[in-house]
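Several structures are given next for inspection.
Two complexes come next, and they have one chain in common, chain A, joined by chain B in the first and chain C in the second.
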Partner chain A sequence: MTGFMSLFRRLEGPQTVGRGPAFWSLFALVLAVALAYPQFSDGYTVGNTVYFFVWVFIALSLCLIWGYGGSLSFGQTAFFGIAGYGYGILTINFGSAYGFTLIALVAAVAIAALFAVLLGYFMFFGRIAGVFLGIVTLAVTLMLERFMAQTAGPEWRIGSARLNGFNGMSAMPPLTIPWPGEPIVLFADVGLYYLVLGLLVFVYLGLRILMNSSFGNVIVAIRENPERAEMLGYDVRKYQLITFVIGAALAGLSGVLYTAWGQYITPSSMGMTAAALPLIWVAVGGRSDLTSTVVGTLVVLAGFQALTIYGSQYALVFMGVLLVLTVLIAPNGLVLGVMNWLGRLTARFTRKAP
Partner chain B sequence: MDIATLAFSALYQFGDAFAFLVLSACGLAVIFGMMGVINLAHGEFIMCGAYVTAATVHAGLPLPLGILAGTVVSALVGVMVELVVIRHLYDRPLDTIVATWGLSLIATQGTLIMVGSTMAGVGTPFGSFQVGAYSYSIYRIVLFCAALGVLACLYALFNWTRFGVLARATIQVPHMAAALGVDTRLIYSLTFACGAGLAGLAGGLYAPTMTLVPTMGATFIMEAFVTVVIGGADVFLGTAPAGGVLAVVKAAMTSWQGQLFGQIGLLVAVIIVVRVLPKGISGFVLRERT
Partner chain C sequence: MSLLELRKLNKHFGGLHVTNAVDLTLEAGEIHCLIGPNGAGKSTLFRLILGEHHPGSGDILFAGENITRMKSFARIHRGLSVKFQVPGVFKGLSVRQNLEIALQSRHGGVELEMEIDRLLAFLGLESEQAQTAGNLSHGQKQWLEIGMAISLKPRLLLLDEPTAGMSPEETHLTGEMVQRLNADGMTVLAIEHDMAFVRQVAHRVTVLHLGQVFAQGSIDQIVADERVAAIYLGQAHA
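And then the complex of A and B:
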């Protein structure tokens, strides 16, 4: 029981911004609004919100690997794609009966994680770091995109699932929860919303605990100074590999949910543009903090969609400008900057009060 | 088919792959080797060179002048980019990757908006010649010679000119070079311009052989990155031998299984090489020497 309680104490700590009653009551308020929100909205808008939430997982994965771990990975979309295709292939072959879609979800995430173990072994145990890591992961992503894009012919099939080249796979069953009587099919509206929201809260709190645990402290120590961490007796390679695999699994989860949400997945979800977008969300939000990443991702995504209505071509240019400006002016991220400022402000107030 | 034509065919494919790898990588390698900056907008500099070349040729100038124009314009754009963005990020190498990626996004999308989704190409000059049952493009031979020429020029530039000496001094110990009165900022600017210009040159040289689309940079960057990663930080001890080794892998895989497997072969090669030689070929060579 005490072990369980100490787990909760890890929810706040040096590695995450936001602590104390003020932060957690705000958290509860936001959560309550998020829970009540579908009751006051229509199916399309709720489905769109699910779409936003789906991307938060890949943003969190990048936040973990890049922000906390200090190794810039462009390969998150590779894991996204692998898991997305994995889910499609599994569910098209085996259908959605007996809750198989949920097994497929876990299996697809596991495939992505396994791929990350393989790739990560070569990279981290080869002591690849810094810019090279980014290049190798980017090359892997682009390679996967090119490979999937040329699978148009009928010979590219796994079981009864055609890979369909550039057009991608579609018509896989959505996530289905087995239920006595009638299984609950989670189409992209209220049903899927609550599942994804639940997963999001679970992952967010779980990552907070992980990052404030000794594991998280070591990860940050490695980011700050790998040699020092090594001299203190930590096997840097192992810690980096584990972080990379956790991140890959999260990116994979994002991919599965995306595939289940829209019931399609295409190679372009692994292309240059797709790989750049998570980077923009995380960089603008504030890569070294989980909360900033979540808030930043949702804000930038909403802004991007609003811009797309006026012209999707210009929206991408704007995203590029936003990224360059963030790196030049606010390298720690805009949302994190605002949150730190708010934190200082409240600290001043609470100090004045007594 | 007798042995001689077979050998020629293999040699031709090797030369083609070598030229592509070296030409697309040397701009990136100069910037990375000299400044430690990975320029993710490298592909877009190549695209810029190709577009300018095509535009000049359409305007009626001969192709060599067009290629020159592409090189110069890319170098000028490089100077601008260095002044506005890269200069502020020298102490944050990871952030330069991110920022140049933002630039690449802007350039690709901006070109799409301004020029449209495709641009009329330039015909491949020189025609072809026959060896055995197959015909080969003469222009590919020219490209191979151009790759060798670029390597020779770079060697001369960095070893025999005052700029080359100052650049190498700046790279080795920046503070010492600055203390001795070298304008290191200017050197960095010029080096970046040189890398961007080389990218433009690659674009100009390949403009007659491919379709001009805003995303054409993406066809180059993977090969360029792979070559630089395997080669390591030194252009001559790294990029050139890496280009040679990878050209063998690529040519063999391509003639065995097709274009895509040529690229997959490259990727597998890079992952294995970084595991064995983390600092690339040049790191391996230099360690052997000292």
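And then the complex of A and C:
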């Protein structure tokens, strides 16, 4: 019971913006709106919202590794792709009966995490850091894209799943919950919406607790000064590896949900553009804060989609401009800047109130 | 029993022989000062003891155990702790969080908060606790890092120029603090250029010159040594 209470206390802390009744009331309000929203909308729009939510997990993974941990990784899209393809291969082979799609979800995320253990071990225990970490992870991502792109031939198959080269895999079953009578198939509308929303809230709160725990303290300490962290007795490489693996699992979760949502996955989901976009969402939002990352990602994604109506090339250019503006105006993130400003404002207001 | 024993430690940086067959023995319970001209290899010797650099040859024994190939964090677990020459605090975090990170592996819950408060009071940083560590004055950063180093309750505390940038009063206070820690059983190895500090605290002094142990003895013996005066003290007083 006391352990449970102390978990609750970790929802707030120096590593996360937002505290006190005002913040949590707002959180409850946003959650209530999110829960009620599908009742007032149509299936297509709800499905589109799910698409936005799906990307938040990969953004959070980057927030964790880069914003909190200080290691810039271009590898998140690789984990996204590995888990996405993993889900496709597993479900095309074994189908969706007996809740297998849910097992495939977990297994695909685990495969991405396992890959991160190998890659991370090589990088962190080989003391690859800074720019070189970015280069290695980017190389891995692009290599995977190239590899998958050349799997067009019929010999590239795993069981009954054809990899299909540049065209990618499709027609894998959506997530399906076994149910007496008839299984519930989570097509890309209301059903999937509630599952993904639930996962999002769970992951967001879980990461808040993690980052405000002693583990989170060590992670930011390593970002600030790895030498000092080591000299306080922390095995820096171990902490970096664990963070990297958690991040890979989150990116993998994005990949699985994306694949289940659209029932397709292509190598371009691991390409240069795919690797760059999450960096922009997270940088614009505020990489060193979870809430800023979530809000920033959703706002930028929605803006991006609105712009693609006028042509996706303009939207991409706009993303670049946005990134440059962020770096110039609010290097720690636009959303984070606004939230800190609001925080100071409410602090002044509440101090004057009595 | 000797707590730390360096045996014929050699370290090269390219063609530079930074430590040359250094032998040094620290007895448990002593305050030992390491002095020597700039570039003598003092800080490098610390990094060898801590495992940040690895010696080309030679051995490092801590409490009888050979730690020459051990990882840094494991040496810290054995009872080593350090304050570096350039203060290495967590600049972007609050003073309080800096101490929390240092203390959290030994304490938890309410006890942790109390330990942090105690240490803040000990360091005289109570009113700065919410400040970002990067905004502290140089002297305050030194104190904060010393605080983090001693919070591990090490058996051997390594201090690299703990009083650099401090006023004579602050230097004296730091000396008293070192003596108090020593009275509680902590062995101390301090690199210092400030001879007043060395005179205040040192039980024994080792002079390092061009990577070699040049002289060793009490502070009076060292000051009386004309060879030392020629290479170092004369220069320091000039």
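The definition used in the following text is that the second predicted complex is superposed on the first by the 354 of 354 C-alpha atoms of A that agree within 3 Å, B and C clash if a C-alpha of one lies under 4 Å from a C-alpha of the other, contacts with A are read in each partner's own complex, and residues count from 1 in each chain.
Operating definition for what follows: contacts are C-beta pairs under 8 Å (C-beta built on N, C-alpha and C of every residue); 3 or more make two chains touch, one makes a residue touch a chain.
Model, not experiment: these values are computed from the prediction.
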Practice prompt. Have a look at where A:Leu72 lands relative to chain B and chain C in the superposition and call it first, second, both or neither.
Written response: first
Item to complete: Pick one for A:Ala97: touches chain B only (first), chain C only (second), both, or neither.
Response: neither
Practice prompt. Report for A:Asp235: first if it touches chain B alone, second if chain C alone, otherwise both or neither.
Written response: second
Worksheet item: Is it chain B or chain C that touches the larger share of residues in chain A?
Response: B
Worksheet entry | chain B versus chain C as contact partner of A:Phe132, first or second or both or neither | first
Discussion item. Just to be sure I read the superposition right, which of the two partners does A:Ala32 touch: chain B = first, chain C = second, or both, or neither?
Written reply: neither
Discussion item. According to the stated criteria, A:Ser6 is in contact with first (chain B), second (chain C), both, or neither; which is it?
Written reply: second
Worksheet entry | Which superposed partner A:Met272 touches (first chain B, second chain C, both, neither) | first
Worksheet item: Of the partners chain B and chain C, which touch A:Glu227 in the superposed model: first, second, both, neither?
Response: second
Worksheet entry | chain C-contacting residues of chain A that also contact chain B | none
Worksheet entry | For the chain A and chain C complex, residues of the former touching the latter | 6, 14, 214, 217-218, 220-221, 223-225, 227-236
Worksheet item: Can you list the residues on chain B that touch chain A in the complex?
Response: 32, 36, 38, 85, 88-89, 92-95, 97-99, 101-106, 108-110, 112-113, 215, 218, 221-222, 225-226, 228-229, 260, 263-264, 267, 270-272, 274-276, 278
Fill in: Touch list for chain A against partner chain B, complex
72, 119, 122-123, 125-128, 130-132, 134-136, 138-140, 142-143, 146-147, 150, 272-273, 276, 279-280, 283, 313-314, 316-317, 319-324, 327-328, 331
Item to complete: Going by the contact rule at the top, pick out the chain C residues touching chain A in the complex.
Response: 50, 52, 71-73, 76-77, 81-82, 84, 88-94, 97, 100-102, 104-105, 108-109, 145, 148-149, 152
